[in-house]
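The structure under discussion appears below in the form of structure tokens.
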Amino acid sequence: MLPGIYEFSWDQGHIIFLGIFYSVVIVVATTVVIALFRALRRSSSARDSELARWHADFEDLAPKDRRCRHELSGEVASRTCENFFSCRECMQHQAFVALAEAAPRPPADAEVPPMVAGFALPADRLYHRGHTWVRPEEDGTLTVGLDDLGMHLMGKPDRLELPEPGTRLVTNGTAWRATKNGVTVRVMSPIEGEVLAVGGESDDWTLKLRPEGEKADTRHLLCVAEARPWMLREVERLHVALATEDVGAALADGGVPVDDLASAIPPQQFDEVCGMVFLEP
Amino acid sequence: MKFNVTRRDVLRFAGGAAIGTALSPMPWNLTDDLAIWTQNWSWIPKPPKGERATRTTVCALCPAGCPVEARCIGGLPVALRAANDGAALCPLGMTGHHLPHHPNRLTGAVGITRGERRPAAVTTDMVVRETARAIRSARAGAGSVVVLDTRPGRSGSWAWRRLLAGIDSAVVAAAPGLEGASLASLDTMLDARSQSFGLDLRNARTILSFGAPVAEGWGQLDLAAARESVRLVQVEPMRSRTAESADRWLPARPGTEAAVALAIANVLLAEGLVDTTALSGTDEFDSYLSVIAGFSPDRAAAIAGLAPDEIFATARELASSGPSIVVAGEQPGGGPLGRPAETAIFGLNLLLGNVDREGGIVGRTPLPAPGDDAPLTPLARLDEIPDHSVALVIIDASAGDGVYPWSLVARKLSPKGSLVVALSPFLSGSAARANFAVPTPPYLETIHELPTSFAEPVASIALSAPLLPTRSGAVDPVAFMRSIARAAGLDLAGEWATTESLIRERVARIHRAGSGTVTSPADGSATLVAELSTSDELWDALLAGGRWSAAPSNTMPPRTMRITGGLGTALGELPTRATATPRPTGTLTLVPRATRDTSASAAVSPVLTKLYQESGLRGSTGTAVLNPRTAASLGFAAGRNVRLLTAAGAMRVALMLDEGVMPGVVEIVVAPERSALGEKTAPGARTVLDLLTPGNEQTWSAVDAQLLEG
Amino acid sequence: MDSSLILRGVRRCSTKRFLAWLAPWAVMAGIGVFAIGLCLVKGLNQTNMDNRFAFGLWIFLDLAVIALGAGAFFTGFLLYILRRDELRAVINSAVVLGFICYSGAVLVLAVDVGQPLRAWFTFWHPNVHSMLTEVTFCITVYLTVLAIEYLPIVLKNRQLRKVPSFLVFEGELHKLMPVLAAVGTFLSFFHQGSLGGLYGVLQGRPFAFRDGFAIWPTTFFLFILSAIATGPAFVLLTTSIVSKISGARLVRHGVYELLAKISGWLLIIYVGLKSVDTIVWLNQTAPRSGINPSQFYAWQPFGTWVLIVEIVLLGLVPALIFMSPARRRSLPWLLTGSVLACLGVALNRLVMTIQTLAVPTLKFEPFMTYWPSWQEVATFLFVIAYGVILYSLSFRYLRLFPQEREMQKY
Amino acid sequence: MESAETTRARFAMVIDLDRCNGCGACATACAVENNVPPARPSANERTGLTWQRVYRASNGRQFPENRSVYFPVSCQQCEHPPCVSVCPQNAVDVSPETGVVSQIPVRCLGCRYCMTACPYHARYFNWFDPKWPDGMETTLNPDVSVRMRGVVEKCNFCHSRWQAAKAKAAAAGKRDLDPADYVPACVEACPEKAIVFGNLDDPRSGVAKSAKSANAFRLLEKLGTEPKVFYRSDRAWVRRLADADVAVQEKEATRG
């Protein structure tokens, strides 16, 4: 080894230089080893892997894709989410909720229009930014499905990869995968839970989940009132995304959404639109 | 029991193995081994191993014959140094032990076709047959036979004369470009026939040298040692090593040496500095006086581009600080100065009374011949042989080579058909220009003979003992002669069959004569030959590096001295280059430049690339050197490649600038050609020497040339 | 064809066009590989370097790309240590550029040394007094750091991110990035300086020799300063060139302005110190070595114009451009300034490498010129081609500019 | 065998430039002694290997006043060698026993930094594989190993001769070398006896006396490298050539 070589002596120069140098090497090596070690530990957990995936995706989202729900609801002029859409950990969200609860509630609008910009938005469910919804059932289970825009986009998928019953889904993790026109999208799970049953195509491919714990935590999901401005914004984004290209008469012209939105979108843009809609950069 | 291997187990095992290996000495030893391996690639030559010993021989690479001490490993020489204390070898001699391994060494006889990249292998028998056929047709009148001898005076030289004695048209001539060639002019002037005289440079007090490289060991003079007692005046257009170390340097324009010499004679006579009683009264002297009258110091100074005072001063110096000696030398690479110029120069010796006196030109008894007084082919000078008259040229370059333009030989060849056969250890120099080359053993592989050098005041001989076995394929020159004699039906009497036995004959004759001494190289001790009981003892003493020298005999036989060398008033018609018909503008004088040790051998050690290729010290062959002013007037910059044009052709040369070059002159470096340094090139490729066409004066020391763009 | 590898929401040309773009670079790289092979197999006689020009085009290349690659560490430093969050828009690109520059330099160095198999001897028998040891140690470690920084960018490729453990690892690395940035900054500062010190300590070469502080000659500090001054300019330049070629807007103009502003201020400080250094060197340091400084500039083509061009045209002028808020708003001005600044640092490195060796020291040694052989040029071009190819691949398949997607739409 | 520790010495040489006539014997002897290979056909004076290189310089005057001087330049064996501290891997060292700057070719990686550091251009790089014509390797000096391609080499005052002299002294039980036993090849080969070699620390040695003589000088003395190769000349213009400062008008002179 180094100090064992011919003519080596522990003089001042050697001590300073090699001391500094090997400190640096140790720092670099330690950093990598720590990262590797942690990664090894975490990657054995499916939950952690899913979260890591979501975190990476979230960071790659453009700031405009990360608008805070309170901006969508008009409570604040502009705010970008920094918490991976996980409102329960967000101090700001709790402040907003507290504020909203203190303020006098507006009279509940009984006649919530069921459609937004041509897409159905039923009030009996909670919405996730990845265009999925959760509907708590009376038997304590949860139903999870794609929203109308997602349905229109994927139409009849060419291939489906649904989770086996018994699989534990993670919030923001993969619920299932669908392939259409050569584009595979990951549909994000809006909520945690164990898959009880898988609906088929005939059933609008919904999943039936048993929530984790006593009651499902739905704090991060949008209620229909919040989902409306959000959906408007999503449609608007779709408009803009497709407006620049020569698409022909479709949604961009304000036309009614076609059932099979996929066929109306030029193939070269379909992938991009899917990524935008399903929060998969 | 079930054995389950999980991914975790595999990872654990791999990690543990890695740490364990890192802590073991194995990887660290492996890296160190790798380092050691990179230090000893298999293709890096390994120096030899073996028993150490010291052996003595004599260097045979030039006529000087320096004693050599060889350090040997396992009997093979690995280092050469001077055997006598205080002396040193020249770069050529120091690397002589490389020559047996020279890449262009001939391993068998070859036939060379001009323009072919490779020579064709032939048998020695075939060369013998071809030579014999040429001899027969020469006898039938197809032309004459010429042997060009690169080291005259050897036993082998005598054997050639013996071999060809039966052929009327045959002559043996010294190869061009050898040192001492100019003494042939003095030979004529002294009517001495075969130079029974030497130059006593060591005892001279003033040496006037016209271009001879005296400071480089020319004439066996150790100028450095003689510096205190000898005054040197050098007349030379180049700032050579000798010119720089001379006490006075007269930078005469190239080709004007004769004018300078005649003007010095003019001063000597006009000022009454010489006693002319011995010369006066002959027709020759009258012609001489009339010639000299035309060369006043002022006129000669104008011709030569010197100050007249320099001529006066030189003349007075010669007369006052005797004994003096005037020598016409051959610039290495430049050849002799030509007969008229040499005659004018040597005439000063006659005028000054330098003949037959210590420190001047002294008589010398010739070295005994190896055989009895059998008929011998006459000696001749190459320039005396008519052009286009030679049917067979045999070049004996077995002992060395000269540097000369090949056209000197080529012009002699008969257009009706001719054959050139060379004997040489190397496919380089003269041998590369022949039709057939026959390999002879190089230095250190056979006995070589170092007979009296041209300038020595007494006869002497030394032998170069072989340190290496002769490689198979090499042909002994004398054995080759015997084969030719058999094939051509010539009579070559005598018992000797090889060079060694021939030299033994000569040594036996020296022993029989019983005079002279043998000097040992190691301690300088001398032994009288008379004290040696057998010729074998003398042989052994010579093989051990000793040199036999004859007893001094300084008297010359009476002779008629011909101060114009028979040229009469024609001596004064010598074209003086500077005043010849006006030359076209832009014409330069091309002067070849070389060092003495480059011109002696056909091949040199590849290690001498240190001097010719890897440093700017000597310059590689074909480099043209110009004065920056001359270059500027022509619009050339250093480092440019330009075309050098002479009457003989054109060649691309690299340009170098040097303030030390005479304006109007272009010096061309004549270094060993690439094949001589070991590069494999097509034999007989054109060299710078081919640009130098000797005129009627048999000199190529100055030629008109032009430099052109591109 | 390769669309599944390309990020969603960005515009990239067709595979065919991309391959057509890569093809000439690949040819160039192929020739370079051949030249490198020649140099490794036959030895450095394939180059036109010689005993006088022991350093040539390659060392110039190393110095220049390492100076330009300083954008990586300096951007990291500004982002992670000084928390200039705007620079997140270019940090990935800067890391890739840094990785290309450093790996290219190390690759060429491996060809440049006579016995590449012994390159590790420096770690085995280190002479800690040598600036080159410092350079070797720092560059090797920093290249490792850059590779570690590059890794998360690669792992976030659209297909690779599907492997769960990759993303987990990426996430963990990301958390530790400030540590790596700090280490990188430390290493970079040192070896940028050591590269300058490399020349500044040459006591026998009065053209390069400088006085200094403690063990560091002034060139040590000037190299650091010039590198960090031009690093951001190089990031600016490459970003705008990539933007031009790809036809996509990659970052907001404000990012350009910020980079230019940083570069401008550092450049003006550099020009000031360099001028002081030059004056001291010409009037004190060089004469003490027995040299009349006019001799440095007596040999064409290295006249005093080189000095003036280096300091004024390629130093002061870009600094003034960058410092003017009005000029900063104009992209053409920014590009002009960046080109000048990058050329300036390259010229500085060229002068330190080549002129140092060209100026004769012995009076009887002639001035010599050097012109690289095709093998040297091909190796040089290989690094360029390698850089372009690696950057093109990274740009196509990785997220180098986080702002790109939102700049395109909405 | 453990040899007795020899006393410390500072070997040096004084070269008399008034004697040197540029014959090149020193350069040749050096190459033969140290197994320096001959040049490949494509090598030139810039890529060659000449541990002892003889430079020609002139007084710069016009013909016929132009005069030459020959500077044999080998490693100057500086007291403050600029090449030692720059080597990244300790391949250059100063021997405390001899004061000679040694080059360890087997540790050299060929970065050539030392060559850029040396103002005397006395270091040479093996641009080519060492190659002798077939059979010529039998003429190599067995005491010196051949260096491989890609490393730097230079003069070491014939280190193998020093070792041989040391072994001889040790065998005789002496501490000091006999000065006659240790003479570098170039010194031995010089026909003009222009080089004096010896121990500078020994005041009786010829080298110590010559080095102190009035007309002795060193190359580029102002650089502070303190070379141990001295030169001497009685000609003032020759001594002036030792300084670094080149008059600008001389620049177009000399060789191209």
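Residue numbering begins at 1 within each chain, and the chains themselves are lettered A, B, C and D in the order written.
Assume a contact is a pair of C-beta atoms (placed from the backbone, for glycine too) under 8 Å apart; a residue touches a chain by one contact, two chains touch by 3 or more.
For clarity, every value in this text was computed on a predicted model and none was experimentally measured.
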| request: If you tally contacting C-beta pairs, which comes out ahead, B-D or A-C? Let me know. | output: B-D
| Chain nearest the overall C-alpha centroid of the shown protein atoms | D
| query | Which whole number of Å gives the spacing of the CA centres of subunit C and subunit D? | reply | 39
| message | Based only on mean CA positions, could you tell me how far subunit B sits from subunit D in angstrom? | response | 31
| field | Euclidean distance of C-alpha centroids - subunit A vs subunit B, Å | value | 96
| said: Can you pull out the residues of subunit D that are in contact with at least two other chains? | reply: 43-44, 47-48, 55-56, 90, 129, 148, 254-256
| field | Set of subunit B residues in contact with two or more other chains | value | 35, 38
| note | Each of the following residues of subunit A touches two or more other chains, namely 7
| task | Go ahead and list every pair of chains that touch. | result | A-C, B-C, B-D, C-D
| Which residues, counting only subunit B, touch subunit D once they are in their complex? | 35, 38-39, 41, 43-50, 73, 76-79, 81, 86-91, 94-95, 97-98, 100-103, 215-216, 224, 239, 241, 244-245, 249, 251, 595, 605-611, 613-618, 627-629, 637-640, 655-663, 674, 677-679
| What part of subunit C is in contact with subunit A in the complex they form? | 3, 7-9, 123-126, 128-129, 133-134, 137, 141, 144-145, 148, 156, 161, 164-165, 167-173, 175-176, 179-180, 183, 186-187, 399, 402, 405-406, 409-410
| note | Residue set of subunit A touching subunit C in the complex reads 2, 5-8, 13-14, 16-18, 21, 24-25, 27-28, 31-32, 34-36, 38-40, 42-43, 46, 48-50, 52-53, 55-56, 60, 62-64, 237, 240-241, 244, 271-272, 274-276, 280-281
| Of subunit D, residues touching subunit B in the complex | 19, 21-25, 27-29, 31-33, 35-39, 41, 43-45, 47-50, 53-56, 58, 60-64, 66-68, 70, 106, 129-148, 188-193, 252-256
| remark: Given the complex, residues on subunit C that touch subunit D span 43-45, 49-55, 112-116, 118-119, 121-122, 124-127, 129-133, 136, 198, 201-206, 288-292, 294-295, 298-299, 356-357, 360-368
